[in-house]
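The structure that follows is given in the form of structure tokens.
Order as written gives the chain letters A, B, C and D; numbering starts at 1 within each chain.
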Amino acid sequence: MAASRLRQQVYAALPVGEEHRGAPWMAALIIANVIVATATTLLQSVPELQPFMAEHTTLPVLCGSIFWAEFCLRLWTAPECDRLWGKFPLLGKCGSYLVSFHGVIDLLVCVPLVFLLAGFPPGGWLSLFGVISLFKLSRYVTSLELVAAAMQNERHTLMALVLTLGLLLIVLSTGLFLIEHEAQPGQFKSIPHTMWWGIVTLTTVGYGDMSPVTLAGRILAGMTMLIGIGMLAIPTGVIAIGFANERRRRELLQTWKIVSSLPLFKGLDANWISEIAGLLKTLMVPAHVIVITKGEFSTALFFIVDGEVEIDLHPTPRRLKSGEFFGEAGLLQNKPRSATVTTVKPTRFLVLGLAEYQSLISRAPDLRKKLEETASQRTRESR
Amino acid sequence: MAASRLRQQVYAALPVGEEHRGAPWMAALIIANVIVATATTLLQSVPELQPFMAEHTTLPVLCGSIFWAEFCLRLWTAPECDRLWGKFPLLGKCGSYLVSFHGVIDLLVCVPLVFLLAGFPPGGWLSLFGVISLFKLSRYVTSLELVAAAMQNERHTLMALVLTLGLLLIVLSTGLFLIEHEAQPGQFKSIPHTMWWGIVTLTTVGYGDMSPVTLAGRILAGMTMLIGIGMLAIPTGVIAIGFANERRRRELLQTWKIVSSLPLFKGLDANWISEIAGLLKTLMVPAHVIVITKGEFSTALFFIVDGEVEIDLHPTPRRLKSGEFFGEAGLLQNKPRSATVTTVKPTRFLVLGLAEYQSLISRAPDLRKKLEETASQRTRESR
Amino acid sequence: MAASRLRQQVYAALPVGEEHRGAPWMAALIIANVIVATATTLLQSVPELQPFMAEHTTLPVLCGSIFWAEFCLRLWTAPECDRLWGKFPLLGKCGSYLVSFHGVIDLLVCVPLVFLLAGFPPGGWLSLFGVISLFKLSRYVTSLELVAAAMQNERHTLMALVLTLGLLLIVLSTGLFLIEHEAQPGQFKSIPHTMWWGIVTLTTVGYGDMSPVTLAGRILAGMTMLIGIGMLAIPTGVIAIGFANERRRRELLQTWKIVSSLPLFKGLDANWISEIAGLLKTLMVPAHVIVITKGEFSTALFFIVDGEVEIDLHPTPRRLKSGEFFGEAGLLQNKPRSATVTTVKPTRFLVLGLAEYQSLISRAPDLRKKLEETASQRTRESR
Amino acid sequence: MAASRLRQQVYAALPVGEEHRGAPWMAALIIANVIVATATTLLQSVPELQPFMAEHTTLPVLCGSIFWAEFCLRLWTAPECDRLWGKFPLLGKCGSYLVSFHGVIDLLVCVPLVFLLAGFPPGGWLSLFGVISLFKLSRYVTSLELVAAAMQNERHTLMALVLTLGLLLIVLSTGLFLIEHEAQPGQFKSIPHTMWWGIVTLTTVGYGDMSPVTLAGRILAGMTMLIGIGMLAIPTGVIAIGFANERRRRELLQTWKIVSSLPLFKGLDANWISEIAGLLKTLMVPAHVIVITKGEFSTALFFIVDGEVEIDLHPTPRRLKSGEFFGEAGLLQNKPRSATVTTVKPTRFLVLGLAEYQSLISRAPDLRKKLEETASQRTRESR
């Protein structure tokens, strides 16, 4: 029982876990450890530093110990993790962790310490285990999720492009080998050798260690370069469009979440939420503009997507930011606005207009009753 | 008669043919054969392996035989293929196959066997026939269709860009030749020689085998590089937009197909389908959200584009996936929902709202009768 | 009078002029002449061919004469050209032609003949005049117009990007010069010398004739390369979006032209056309689908943007292609369709629905009368 | 008091300040000074020119003096600048200027003069101060604002991409070091040395000073190049989409500003403006088309976004350009148009249709009264 509670606490503190006080410090420790381990690995490979590094093994041993500690704690707390269900039901949660991407990485980076303690010199193939600890950092970089989702959606097209590149690489290299082999038998020894030239040229890297000298070879090489430009252009376009689609998909989801999170619409079914989400309009307003004038009649509920507004309340004005909303009381009771609202920064709203709202509730008397109850309750409570 | 039936069977088994049990095995055989033939060709060009390869010709002969067999079967079964009609009516279907892209490739890859059996050594120009067998694989890569259609739509612009690149190549190379010829007469021998420098620079490959040394030459070369960046940027933008347009075009077609495939709307004309397709709204819903509550009144028909929902039926819940729909009974009869529907994954719906549906049928009493008949019939049958 | 008529004829025959029988032949002659002149110029620069080319000057003289003839004819017929008005009212049309882009090119390519006849050897700086004849071809490449318009719209941003690149080039080169000067005084002689390294690296060309060897130099060079990637990414994005906007702008214009070209709406003001254009919906239909069934009641007017449909008329069916329309009689008279219409290819329509049309004419009784007159007149005439 | 007025005058004349007569001349002087200072710095680094430049120090001293003068004036007039408020309230406006980007640059470029007068030779590390004067020019390049805002919006994704590139750089370089170290111990000395190869290859620069020779090394290098292409494609896509979103955001803001700037709608709240902005439609009209015919009944108010129209008034026609509007009188009074309006160039309008306008004011009698008052007042005044 106590062990179970301790395990929960430890899990919550391990980044990226629940919101525990210790989590940021643990994250800092783990990231610092990865950076130190990688830096040590890089420096171990420098010939001038090797004698020095071979003597001073305290740091590598310390890093390795922290990796081991992290791995053991993660393995122990795996049963607390909800995301690990379902993929490999036979393996249980600990087993699922061990075969997951992060589990494999966490285990692999523990390998060098064993060899180090067994007396093997650092460096060599062990350094590979040192640098893959960098993949542990992918837990903390969440901004790439959108890019990854975009590439995931377009994976069939991108894979087909890589296959096409491979096909072109072989055919063009064979052609250039046949043309250039006689002129430069030392350079263009065989088709596999010529494929090195091919990939260097198709990707527009162009080292210049192999380049054709005959007229026919140069014409074929010129065509290869043009094809290479095309091969660069297509995935760029594909990824750009995939990225735009993924972002639009997430915006639709966000609108949905905004509507369903409004207290006014709490407890409604997805079909009503969808109806209401469809009625919202996006509105951009510059800074320092009056959105609502006190005493005027209401026309809309305003939800702030980003930006900031100020409500002119007595005695202290109140500021609303991204995620907050105003104007819902007026929408339901059709009485004059009780305060003036002004934008502080350029602000993007989602607006539910009075006309759209009325056409919605006229079609659904049940919804009207529900909404008015919610609203009168809110008015009594605040503002 | 028996021959004709056999031919049909063989045609169905030849990939990419009809849905025959043997087709996947045939595809695997053909793809494996292409890979083996290409690998053999690549290895034959390696000087160290040439004596060995010259002795062991069983594998090339086997590959060549399979190519011959495939070609003969495809030629024989060509009359079964519907796609070959119309292009060359005079040649008949067998002739049309022979002059089609795949027919030419299928025939060309049969060439090496003939020379091999005639005693010619492998390698040399014959290896080109070996590697173009890779083009046979284009039958199986369907994901590039969208990219190809996008480039097809923008072909005029892309062709004009290639012509512009050629024009700039000649003019810039002439300029650099005039500037650099005196300083490096060995390198910049003539304008055609300088064009090699031009294409290497414009495509940003940059081998470095030829580069200007004079001040004027380097200024012109710097401008050439900037133009090269521009020449890379334009086709990327053009392809990206072509790709986006092609995808949107296909989405419009898909919405059309979804509506016309619904049993409710079966047998309607394109003009009605178009009216209904225009009324559909896209709706994104996160996972584990209630879409419809049992006992509530209906507001919409939901069509699942991608994702998954669960219908809470007794005794076993039922799951609906991409391509299925629900809620159509309620749309027509305005009675309470008979079951609760919840999303299992993030799901994208196309929704036909009640209000839109009613305004549609109020304008067309004929349509209403037709739809109600279809619906009552479906209700009697299932769900 | 006769001279004037002759001039009109000649102008019409000169490409790209009016629709004259001779124009394609003239275009072919001029394009062939440009290609021959350019090829001659390129070959004159090859040392091995120079004695041969110096002896045989018939071809250059012939090309030059044709250039002179073209120039004189274009100058003479300039008064027939409408596009030359307005830019330089003081110069008149002939003067406007002489200072226009094409006029300058047409004149410059005439220069080599003069020197050739004066006994100067071919080649040298004269070859520049030879290759710029390629710019004459820009008269015939119209597909680049969209790209040019897109770049024109984004010119401020693109120019600012080039300036930024120049700024970064100078600052980064100064930095690398300070770092690398001591290690490689022969290579990194001065800041202007180092700027050659800078432009080669920022554009990712990478000749490799100058590259840093010190640690600090390589770190700065790595940052320069990353900045170079960024400098490649930004204009690509800017051009792609400019291209998309330009295309959308042209599509809006095209919808406008389609509506105003329909006989039904001939003679309406722009404000009515705009109202109607706003009511059109885009509709994609796959091939072999019934768009209208004979005997059903009408719901829409269909305008074919691209694709093809077949009207099932007795005794011979009739095909309609891009730019044609059908269904307008039914829209006005609300009587059953007189024939079935089926798509032959995947077809994109612009559809004017009955409901939208009726709400339009209910608001404007004048418009109704006008349209019904036009329609009844058309029905009497055909179909 | 006089000092304060003088300071206001000086502030207004300093670019980019208020609209003062002297501002363009001051801008020209400052830009010229930056260019001269940079050119001097570049030339000072050329070995051949160094004796000459060391003797003639008048120009550097003059440039430095102007920089000092500019800096002192800007520091003195800082209290006049409104943009400097708020960031560092403790420092005051002069302090805020000193720690702002431009303040730091303005101060740094003053450094060389001090050393020069103290007798230090020009060149060396001082040249860095010379070239960073180029950053002063960023005050005058406003077109990059859109690009900068787009990159600002996507900064998390772009930063994550740079981190990913760093991660891949270290892992791939470690791999190649392990493979190639034995074959080329002189080139691939250590992992940090190999990282130079890695960045040169990932960015597709490809100097060719280090390149693998073993088969395994070349395969890994080929994969590195493909990853490099991907790393180029992703930021391009991200920036393109960020640019498109930023532009759309600004267009929404612009529509808002257009509506709120119309005299008809002056003094309305943001919620009414938003309602009206949502009713506007974009309309593209080619040149030389009648938009409104005299005597016809009104249907819309036309706002010119770009392009030009001509109103056929007696005795002299009047031209309206971007930012002007027409047709508002007819919208309110429903009487025949008093003049014909024709487009002179292809013109983009924002149109407020009669139907949309009427449905708007029917919902809000207050608004109607307000608008009719404004309109009748305008009609009396003009047109």
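Throughout what follows, a contact is a pair of C-beta atoms (placed from the backbone, for glycine too) under 8 Å apart; a residue touches a chain by one contact, two chains touch by 3 or more.
Because the structure is a prediction, the values reported are computed rather than measured.
Report same or different for the chain C and chain D interface, where same means the shared residue numbers exceed half of all residue numbers found there.
Mostly different residues form this interface, as fewer than half of the numbers used are common to both chains.
Which one, B-D, A-D or A-C, has the same contacts as A-B for more than half of its contact pairs?
Same contacts by residue number as A-B, out of B-D, A-D or A-C: A-D.
Counting in whole Å, what is the centre-to-centre distance of chain B and chain D, each centre being its mean C-alpha position?
40
Whole-Å distance, chain B centre to chain C centre, using C-alpha means?
28
Multi-chain contacts in chain D: which residues touch at least two other chains?
Residues 192, 204-208, 232, 236-237, 240-241, 244 of chain D touch two or more partner chains.
In the complex of these two chains, what residues of chain C are touching chain B?
38, 41-43, 45-47, 124-125, 127-128, 130-132, 134-135, 137, 141, 143-144, 146-147, 150-151, 162, 165, 192, 196, 199-200, 203-209, 231-232, 235-237, 239-244, 247, 281-286, 289-293, 296-297, 299-300, 302, 327, 343, 346, 348-349, 351, 353-355
In the complex formed with chain B, which residues of chain D make contact?
My answer: residues 204-208, 236-237, 240.
Quick one: in the complex, what on chain C touches chain D?
Chain C reaches chain D through residues 156-157, 159-161, 163-164, 167, 170-171, 174-175, 177-178, 189-192, 201, 204-208, 211, 215, 218, 221-222, 225-226, 228-230, 232-234, 236-238, 240-241, 244-245, 249, 252-253, 256-257, 260, 269-272, 274-275, 277-278, 363-364, 366.
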